[in-house]
Amino acid sequence: MTQAHAADVVMLEARGVNTWYPNGHHALRNVDLTVHQGEVVVIMGPSGSGKSTFLRTFNGLEDFQTGSIIIDGINIGDDLRQRDAIRREVGMVFQQFNLFPHLTVLDNLTLAPVLVRGRAKTQVERQALELLERVGIHEQAHKYPGQLSGGQQQRVAIARSLCMEPRLMLFDEPTSALDPEMVQEVLQVMQELAAGGMTMVVVTHEVRFARQVADRVVLMADGEVLEIAAPEQFFSNPQHPRSQQFLSQIN
Amino acid sequence: MRARIPWWRHRRVLPWLIQAAAALLVLLVISALISNLVVNLSAAGLLLSWRWLGTPAGFDLGETLLPYGAGDPYWLALLSGLLNSLRVIAAALVGATALGTAVGLASFSRNALLRSLARVYVEVIRNCPLLMQLLFWYFVVFLGLPDGASALHLPGVVLAKSGLHLGPAALVDGVWRAPIRLSLEFTALLWALVVYSGAFIAEVVRGGVQAVPPGQWEAARSLGLRPRDSLARIVLPQALRVIVPGLNNQYIALAKNSSLAVAVGYGDLYSVAETTLNQTGRAIEVVLIVLGSYLLIDLAISALMNGLNRLVQLHER
Amino acid sequence: MSSSRHQQLPPQEQLSALETLRLACFANPLDGLISLALISAVLAAAWQLLRWALLQAQWGVIAANSTLLALGRYPEPQRWRLWLLLWLLSTVAGLSWGLLRRQSWPRNDLLATAVLTGLTLWAPAAVAQPLAVQAHWWGLTAWLLLLRSSAGAMAARVPPPVLQCWALLWPVVYVSGMGLIAGGLGLVRVPSPLWGGLLLTLIEACFAMLLCLPLGLALALGRSSGLPLLRMGAVAYIEFIRGAPLITLLFLGQNILGFLLPGGLSPDRIWRAAWVLTVFASAYVAEALRAGLAAIPRGQVEAARSLGLNTAQTLSHVVLPQAIKVALPALVGQFISLLQDTTLLSLIGLMELLGTARTVLANPEFLGRNAEVYVVLALLFWCCCAALGLGSRALEVRLNRQRSVAVR
């Protein structure tokens, strides 16, 4: 399901990123990645390979010491205002959903647009209801997150990010905490999102999703990017020995 | 392309600036306070000095462990006060632990009457101020005790208006004589502390036992252990892991609460310090001595309980 | 314990009351023996207490000193201001109660209403107040209950922002109440040494309760901050305060604060003590709040930050609403201790409730009436503390209805 990228505009460019944890562990080793507008990139790799860390550097949840990351023309540096600007433009979906349990589903969606973008509450609510309809849970708008199933919560979390109208969406293992029967409903929403032209970087173990939706697959191990390839090539004919090893382990 | 980032937006600079500003503010306030202190103290002729500690105190203490009289210096008076504090704290720790454990376990009794009595005791005691309880015990109960032949006596223990007599006691000319006599003030304070802290310790014990997963009870039962044995051998050792840190807090609270002794005229550290201050006007020095002593007592209790905690936690592995 | 079979069948056959009692207290001979011993001990104690309360106790000491115990030496001509304050308090309390419970009247509320009504009808008469004063109290209680039910009925139509900011009303009530008590602005001034009894206890306790919250919050944030200097500062403060007995801090406040501040700036004795109470309570409140903050999963902050909320917004809209909910029982526990701790002010010579009681007992006219006075004081404190506990449980139930603490 490859598609033409809108004039090959670069949405995310990471160059020579190095991260050391406070305990001295070298978590990211000189990683590079370029993501074009409208592209879906899936990052795979064994646990502890640094893929989540890499994803979290894209909106400043994780620090990096050397290298550069430019998102939509904004450089993630030491300037706090630019960090805030990037976080407004980049949506993130977490493994544990991280919905705000003290707010209703609707308030979860409207909180950030009202506070951060200063938009009128009624207008945001209308948009939020539309988004909830799109992910198929508008009946639950006035419930609290604790009253929803895991799959429903994750769809709310996706809608919450979308409500900020992000230019780039990051997914950090969005289906890993779900019961098996709920995985599909979340992947369905993500697939529709991709079809709508959203730029996405997804860390996941879902091979079928990667095959069907990804434009490119990235394999990471031990903090390094070892292979970047189109999914059909990656899954049928992996080049790097670690890729072959990884694929044989998950199949 | 790397424009200079203004400091109020710089991710690495800002935290240090905030800390520097906070530190500066605190230092400014402290130095202002100290300079005021120096100005005011020198105006009053009370600049920091410890020489007064060696001068005779001139007041007597009702009961002391060390030989002490009114002619002895202040430092000996304060030391006697500290020892009096330690004496009542140590005794109350033992008593409150025993009472608290008993009441805490009683709240798991099969006997509904015992359970509800434990509950009532805890609720009544925790919702009344300790100072008031202490005054009640001393003025109403202990000062209301009979003396002489009608005193409460059990073998080895005599409780009379003249105090608590331990050991073989004999009535000589209407006055009780025994190897150990504890003053009524000490006894009342000890009793009030035991009853008050016992309620809090009971809650700690109850919480600790409740924190043990019910599966442990069931496993013990299914092995054929009697309820008493499952409690003593299976549940309590695990509950201790939760109980010991809670006990630490209660013990420190008890040590601090012992300073209410001044209300019944027992010569503990604080009451000696108050008298000392009133006589010498040496506010700073006296407050430093008192705060430092309590800090040491707290640290000693914490060290002891941490040691115990390590011992208890080891069982986990 | 409960197997699936248990759930299919309706559980046990109905036990007779006698059978239930037998199982609860006389399951085996030892149990029966313990029960019998306890019953006889409790009955004996109750009998002694009743005999004392009805036959021996001389309750005249309470009636003769009820105004002194309540107000200290607050001048007679100015007491209408305290009545006005009571009307204000019963208005705000009635409205708060109604907004909290809405239209439901749970068992605890009915109980509280019954106790309140009983107290209003009985207590003023019992301390031999004139009929006019008694009627005044009846009016206050009726007004409170009227507002409780009407606010409960209207609560659904009150806009949420009003409810969210409702708690901010209490500081306003405190400040206006202090204005009424102290005078100024055209009212005759009543100097602070004339405040006393329960009035002073409440002035001190409420001052500390209101101020220790923001202070404690700042300390808790400092202690859980990532900036090492702030964290160390907060830890030093909290540990110093928690290591010292309150009486020594009060002593320090009375004897050293005057030396620490430039001449003439030192507040008078009552406010010095109030500040010490605040400083003391804030360290404990900080620990309660820190436990609440620690209970909030990191993911909540990360989610808020990745939505673009800044630190302050994350704190006020995401972290604190959840943390305060977790910390609420511990916070109320601290407030209860704080109320009890005000009794220590009597040891530094302030005439709060216990201090006033001790002057009454020192009066030769009432010598030996210790038991009567202390029992009444104990009941008073017990009721206040129990009411605080009940109120906090009601608030907890209300907050938990939103099923609202993050699951780790």
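In this document, chain identifiers A, B and C correspond to the written order of the chains, with residue numbering beginning at 1 in each.
Just so we're on the same page, a contact is a pair of C-beta atoms (placed from the backbone, for glycine too) under 8 Å apart; a residue touches a chain by one contact, two chains touch by 3 or more.
Keep in mind it's a predicted model, so treat the numbers as computed, not measured.
Chain-level centrality, scored on Cα centres against the all-protein Cα centre, points to C. Centroid distances from chain B, each centroid being the mean of CA atoms, peak for A. In terms of their C-alpha centroids, the spacing between chain B and chain C amounts to 24 Å. A straight line joining the Cα centres of chain A and chain B is 55 Å long. With centres set at the average Cα position, the gap from chain A to chain C is 48 Å.
Those residues of chain B whose C-beta lies close enough to touch chain A in the complex are 1-2, 5, 9-14. By the touch criterion given at the top, residues 15, 18-19, 22-23, 26, 33, 36-37, 40-41, 44, 110-114, 117, 123-124, 126-133, 135-136, 139-140, 214, 218, 252, 256-257, 259-260, 262-263, 270, 273-274, 277, 283-284, 287, 290-291, 294-295, 298 of chain B touch chain C in their complex.
On the side of chain C, the complex with chain A involves touching residues 297, 299-300, 302-310, 313, 317-318, 321-322, 325, 402-407.
Those residues of chain C that touch chain B in the complex are listed here as 1, 24-25, 27, 31, 34-35, 38-39, 42, 226-230, 233, 242-248, 251-252, 255-256, 258-263, 336, 340-344, 346-347, 354, 358, 361, 370-371, 374-375, 377-378, 381-382, 385-386, 389. Contact residues on chain A toward chain C in their complex (touch as defined above): 59-61, 84, 87-88, 90-92, 94, 96, 98-102, 111-112, 115-117, 144, 146-147, 157, 160-161, 164.
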